[in-house]
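Chains here go by letter, A, B and C, matching the order in which they are written, and residues are numbered from 1 within each.
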Amino acid sequence: MHHPQAASRSDAAHGASKLLARLRARSPRVHCITNAVAQNFTANVLLAVGCIPSMTLSAEEIGSFVAGAEALLVNLGTFDAERRQATAIAVEAAAANDTPWVLDPVFVDRAPPRATFALELIARRPAVVRLNHAEFATLSDSAPSRDSALSYARTSRTVVAVSGGTDLVTDGERVVAVSNGHPLMARITAMGCAGSALVAACLAVEADALRAATAALAIIGVAGEAAAEKSNGPGSLAVAILDTLHNLDASTLIARARIG
Amino acid sequence: MHHPQAASRSDAAHGASKLLARLRARSPRVHCITNAVAQNFTANVLLAVGCIPSMTLSAEEIGSFVAGAEALLVNLGTFDAERRQATAIAVEAAAANDTPWVLDPVFVDRAPPRATFALELIARRPAVVRLNHAEFATLSDSAPSRDSALSYARTSRTVVAVSGGTDLVTDGERVVAVSNGHPLMARITAMGCAGSALVAACLAVEADALRAATAALAIIGVAGEAAAEKSNGPGSLAVAILDTLHNLDASTLIARARIG
Amino acid sequence: MHHPQAASRSDAAHGASKLLARLRARSPRVHCITNAVAQNFTANVLLAVGCIPSMTLSAEEIGSFVAGAEALLVNLGTFDAERRQATAIAVEAAAANDTPWVLDPVFVDRAPPRATFALELIARRPAVVRLNHAEFATLSDSAPSRDSALSYARTSRTVVAVSGGTDLVTDGERVVAVSNGHPLMARITAMGCAGSALVAACLAVEADALRAATAALAIIGVAGEAAAEKSNGPGSLAVAILDTLHNLDASTLIARARIG
């Protein structure tokens, strides 16, 4: 008997595991434009999987940092003039160096100027746009669904990763669902931001952006689930996620990943 | 036999417990202007009790965020031009929307320009001013005591919460003492800032500012005490406080709260 | 039989232990200009050893804060216009008040404008420059070694602390090696920055900058080693380091310190 879907799930889980091994072996540099709330946890998540994060926002410096990095994250949380200017320079440097980048349009649903800026950025072709349901609805002007995500990815010519109870990842042709994670993760600030940084990290070692995003979401989700089993609340969960990411082995990741 | 004071203590503790239940049920949005040191821990404290924190400082955006929030925190730690401008816009938006706000005038005793700014803000009528002894002495020009706090609250027409071994909360008529907390809490950065954010959160679900402030200080103090029993130092205490806030049940809060 | 080196090692360890006791007894104020990623952990490390940290960057305020502080840290991570201006004012205030300061020239190897700024700062005579191999190579234009560190310290008339598997500390005459620490410490963001803040703290209670730097590196290294024995990964290690710094006793520090 043949189970194509089970085979494909297992392939994707093995792919995520190989990708994690590559992160640890290559230690890519990942530059992050992110909000002050998220910087520390994001850096620690990247370090826990073996990457080298940098976070400067200075207009004078960010060009050099992005040119020397293998991936870039642009997160719009706590967005200000300095970060807007930094983003313009960083995205240009990324284009010049063919460096893949991720856009995380945090809270575009709550601040209209931020939504305008996000739409301009999407036109600059990030490899992946990672966002939640409310943010997707604001930017795509459509209710979040498998079909609207597919259509938005096709139109925008980018991979779209819509996070929720189940994450949907699509490049406009393929659609993958990732069903890992734990509800308590939503009670830790910067968890989503750090997940998007991990998507950027995976892009540094995997040219197929759909696979990179899928692997990143499975890795952080599996780490969250495994960590939740040893935690007493959101404080110990955040600590345990860093430990788990550092120690995550291939067999645990493959056994737990729910990619379909 | 009648014990009016014991009854009142127990009433206040029950009130705090009901207020915590309302926070979890309603998940109010709380916007925080706070220092970069405190942003992450403050957001995690708010998330641990069920709130939705936001932290942007951008002049373009903060008006929308405050208009959509149910309470506002203005914390003067690491105060700069961006935060000053953000505060002006945020306080105006709060006034326009009748949104209650808390002022935490961090370190006004160490920076004269900050004290001037704090006095201007107090004239804009925050619902609560939360501050320590040195900060109270600087702003009120009087030694901290039950009487000077009463007098300052009456003159400023705001609730004043002076934190210390015992916290004093007064609206100029009533005075309440909260005697919870643990000495090791002073060895964790942003603990006071996060406490003030919790005061803001409680204002979102309780119109009586004295009750809101009292409840918030009892909740964070009880969480600190209970967490200290399971901690080995300030690092594990910070983690355990987040866990404890998330798990705090009515009976523990009522049994431990020392409000009189 | 006489063991001069063993005696000197033990002297240095006892010196570090006395210095830690002085930190706890005197609670010096330490002002930190540091990057947003590092602010929270740095403040918590300083609090864990009994210091009072402050972190404001505002041009209007930083002069008062530095004038009231017993030591200053200038860390160039995430360096921007605000921090550049803050540094100019802070270094002047430090000079006017004879306040010792530490320069941590983070990532000068990756951003040429930052290297230029660092060289200007070194000419202003920090008490200690703390940096890693790549940063040392960039600033001194020489490969890191015992001899190049000695020579660079002599020329710059400052104490140079080059961190690595073994830390080298030299004032251009004396050279001390500190061989404490744990590899997992490199997987926690801001660990090096916090170590430099501890060097600043030690300068507040010890006039001999070589001894202050040596003690600080031994203290953080011993805390890291001891904490690693109780940790499961980088998340729990960061928490345990704060606990260990708070609880570190003289006998543990003396037994574990490897200063030679």
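Please note the rule applied: a contact is a pair of C-beta atoms (placed from the backbone, for glycine too) under 8 Å apart; a residue touches a chain by one contact, two chains touch by 3 or more.
A quick note: this is a predicted structure, and the numbers were derived from the prediction, not measured.
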Angle of rotation relating chain A to chain B [CA atoms, steps of 5 degrees]: 120
Residue-number overlap at the chain A/chain C interface, same or different (half cut): different
Intercentroid distance (Cα basis), chain C paired with chain A, Å: 34
Where chain B touches two or more other chains, by residue: 36, 40, 238-239
Chain B residues touching chain A - in the complex, by the definition given at the top: 36, 39-40, 43-44, 47-48, 53-58, 60-61, 64-65, 68, 82, 238-247
In the complex, chain C residues that touch chain A: 35-38, 40-41, 77-81, 107, 110-114, 186-190, 231-236, 238-239
